[in-house]
Amino acid sequence: MIPVESEASSKDGVKIIYVAKENILQFLKEKKDEGFDYLLMITGIDYKDHLEVVYHLLSSKSGERLVVKAKTDGEIDSVTSLWKGANWHERETWDLLGIKFNGHPNLKRILLAEGWVGHPLRKDYPMEKKQYVNLKEDGYDSVSFEKKEGY
Amino acid sequence: MQDKIVEVNFGPQHPSTHGVLRVKVKLDGEVIVDAQPIIGYLHRNAEKLSEMGYYPKAQIYVDRLDYAAALNMELGFVLSAEKLMDVQVPDRALWIRMMMVELNRIASHFIWLGTHGLDMGMLSPFFYCFREREKVFRILDEITGSRLLYNYFAIGGVYSDVTPKSLEMIKTWLSDFDKNLTEIENIFKKSYVYVARTKGTGKLGLDDTISYGVTGPMLRAAGKKWDLRKNKPYLHYDQINFDVPSQQAGDVYARMLVRIEEMHQSARIVAQVLDKLPAGDFYNKKYSKPMLVRIKATGESYIPTESPKGEFGIYLVGDGSAIPYRFRIRSPSFANLSAAPAMLIGYKIADMTATLSSMDPVFGEVDR
Amino acid sequence: MNLFFFLMSILYGILKFLHIDFVPFASHGYPIGLWIAYLIVAVVEVILVFALAMLVVVILVYVFRKYMADVQNRIGPNRLGPWGSLQLIADVFKLIQKQDIIPTAADKTAYRVAPYLVFTPVVIGFMIIPFGNVSLLNLMVINFNYTILFLVATMIISPIGEIIGGLASHNKYGMLGALRAAAQDMSYEVPMLISLISVIILAGSFNAQDIVIAQRHIPFVVPEFLGFIIFFLAVLGKQVFPPFDLPESASELVSGYTTEYSGMRYGIFYMGGFAGTALASLVIATIYFGGWEGPIFPGTIWLIIKAGVFMLIFLLIQVSVFRVRVDQFLNMGWKYLLPLSIVNLFISVGFALFAGGVF
Amino acid sequence: MSDNILVTTLDEALRWGTGKSLWPFTFGLACCALEMMSAMGSDYDWARFGSDVFRDSPRHSDLMIVSGTVTKKMAPRVRRLYDQMAFPKFVISMGACASAGGPYVRGYSVVDGVDQVVPVDVYIYGCPPRPESLIKALKLLQDRIADGKVKH
């Protein structure tokens, strides 16, 4: 058994479990074996002093739901080995929140262009600093801070 | 041997990608050996913008997620927000919401059916579907005052009551809806070419479906009878009779059957709501809009709803202010689309268009 | 367009030179002055046939748009001219002034020639159709003993234009479209030819006019029903018509081999498709439904009626079928149509041997 | 225009042709694309104005309807598609997002107005505009082309 740091409940009555970030892969594996076979989403929350990764689980047998949270400072183990669907969710969390998933097969930006500076869902992301995407000759994106040809 | 493999980019502008999907496909002749969907061409920062304004303000961004079924999106948001802010909703509003959501589900599936026909190489069903969809839109237009994006559900009720005229419209529309839909679905079901092309195409087994987090009609087509309206009823779905269609095959044909049966069932739900619609307030008078922007909320909530594409919900985290601290959208199309490589590799180019359209991705929701 | 007329004249000159005779004035050993007169008449006839083809295309495009709109509960073009009949004129006016983009990576000569290769053979095909038999004058531009072979030869050229166009434009969609066109062409030509041979056996002639005359009692569709079905499907496949429009299928390969073409070059492809449909209907009416044979009305009207019915059937098919997948399509060609066409050949030989006198 | 086509100059005839036969490009971006499809559909049927041939390749089409939000990632692609179209070509910017960024204008990944990327001939307001607005815009564009006010 993996130790649970603390438990809480959300407003809609779903149990929230806090786990240490080192144990997250083991803990989720246990939960998956217990019947939580669905990974609905992975997301992150930026609490300014630390980041939190949130996993929403669902058991398709009983319909039970579970929220697993882990505090991190920007790095956590990837769960792509447990759920194939975790791939895109982790990429998105990396893209928008800058949480690095160790062991992810293809941790690249997914929604924003390759080469984007910063992670926009962080609370300290400078919104007034505009970035522009341009197309390079080979068809890949390049990001710059000033308008270039084409704009 | 390397020369035989051709890399083709389908999209971001391609007639059958339903928006701005780009699929990087490696082809060996006509056969797909590798397919990687590339998304993000419609990333409109809905989450960031929602975290910048008051709770009710986020609704305009929620509206524009799955623009084909905007009311379903709004429902996910208002349910979650009401839970977080402890807002009570009058009974009539709940019933109205249910009816509107089902109407919009039908409209959304009509878009899917029409464009699916287009992708399979036939133009006419597109027009028939849009003709039928316009009939739904006239009703929605009458009730909400808008055609596509409604901003109709409010935290604490709905913005306007259904009028007697609109109820009449729904009744006349219902009287021949099933007949019209059967006419259109027979174009598909009775076409030898369509059946031959779609049976066994784009297969996704149940294990893969669950592993990818695929929900909605695609899950039901893969053999699991899972519908949140039945399994975890919200609104008043537990007081209504309807069936959850499911198929075993998990291919494009099964998805077509499931979606079409869902449309019939939605019409059934609308008919029952018409009978059971209670009198009373449609809006909680305590929470007018100026009030709502003052409500401070803490904690977190996530109410899953069954949108036309699958499980949709909004994960709200409040920090004790009137602005959501974290606003995460669980979009079904995003998860469904991530399963695309598993459905495409090994099939032919022609199957790709069939499979992609059978997933029914809407890019406002995938890219958010 | 000049290039087109030029090519047509040269071709006609070659025909003359090979003593492939020119119908109304067939004679040998004529003086040079007469030769020039023939050439002038030939050019006039070519222009007439070209005008006819264009007229048919214009009518067909208009009917197609209106018919499709009607099937789809729409109105269709109705702003220009009476009932929108001038719409195609506006389209042509627009197309001729569109910029003619030639991609830098394209093979320029082949890219330029390809649309004409699609359109020209269709117009040449129009010359072989016997449009009627008014007293002594045959309404037929080319008439010699092997017109059906000549027709087949021209029909084979237009897919080559599609292939060249697709490959020359140096575009991946174009290339895929060209490959599909090649596969489609190969697998449907053979059944088409074999079912055509059955007709030739029954008629005992390679001449289109003789084939029409041979059907004066019973049209060939009666003994050759199987062959007619095969020929119909094969023509559908060869003319890149739905449900077999794989090389230019919009939802898969953007526009296939025409993807890179713009302006009038694309317009020629577009019109070539419709002209091909018209030609296919005329050919079917000629070799299976007795061409201009028919009571009361003049022959030309009969031919127009028969071909018109087939044009409408082609349009009806276009608005009411799903597209076939490539492998299914090729399977149909090789596994069903080819064996069936050979069976049909034997049937026809049987007819010719034992009931030859009837036809 | 159709009444006196025979007596006008060639130039006017060509303009008439261009204006009355605008083949739109099948180019859907976001929400507005659905309203664009509705305008195609049976109820609104803008084939009446000669725009029934929706072309899938940019080379064949004359009219680009920017239907929806243009994101930073998509903007260079929109430009490229515009460049691929053959002259004369026209652009309708449909809806608030395409015209000025719409509700997303404060965000980080949305271009505030497609006119930064491609030249626009007609703007339509609305979020999304109703199909009637799109037909109005089409008529407006046709009239302007016929009057020679649009030069491309």
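Just a few scattered comments:
All chains are identified by letter, namely A, B, C and D, in their written order; residue positions are counted from 1 within each chain.
Here is the rule we use: a residue touches a chain if its C-beta (ideal position, glycine included) is under 8 Å from a C-beta of that chain, and two chains touch if they have at least 3 such contacts.
From a predicted model like this one, the values you see are computed outputs, not experimental measurements.
The interface with the greater number of C-beta contacts, when A-D is set against B-D, is B-D.
Subunit A and subunit D have centres, each the mean of its CA atoms, that are 39 Å apart. As a whole-number value, the distance joining the C-alpha centres of subunit B and subunit D reads 28 Å.
Taking the mean of the C-alpha atoms as each chain's centre, subunit B and subunit C sit 46 Å apart. Subunit A and subunit B have Cα centroids separated by 24 Å. Contacts with at least two other chains are made by residues 42, 56, 73, 77, 106-109 of subunit D. Multi-chain contact residues, meaning those touching two or more other chains, occur in subunit A at positions 111-113, 120, 125, 127.
Shared contact sites, meaning residues of subunit B that touch two or more other chains, fall at 14-15, 40, 43, 45, 48, 127-128, 131, 367. Contact between chains, as defined at the top, is found for A-B, A-D, B-C, B-D, C-D.
The touching residues of subunit D, counted against subunit C in their complex, run 2, 5, 13-14, 16-18, 20-21, 42, 45, 47-50, 52-53, 55-57, 59-60, 62, 84, 86-88.
Only residues 12-15, 18-20, 40-46, 48-49, 52, 60-61, 64, 67-68, 111, 126-128, 130-131, 133-134, 137, 147-149, 363-364, 367 of subunit B touch subunit D when the two sit together in their complex. Within the complex formed with subunit D, the subunit A residues making contact are 111-113, 120, 125, 127, 130-135, 141, 147, 150-151.
On the subunit B side of its complex with subunit A, the touching residues are 9, 39-40, 43, 45, 47-48, 51, 80, 83-84, 208, 210-214, 224, 226, 231-232, 299-304, 311, 315, 317, 325-326, 328, 330, 334-335, 337-339, 342, 367-368. Residue ranges on subunit C touching subunit D, taken from their complex, read 65, 69, 72-81, 84, 86-87, 89-94, 97-101, 250, 254-255, 258-263, 266.
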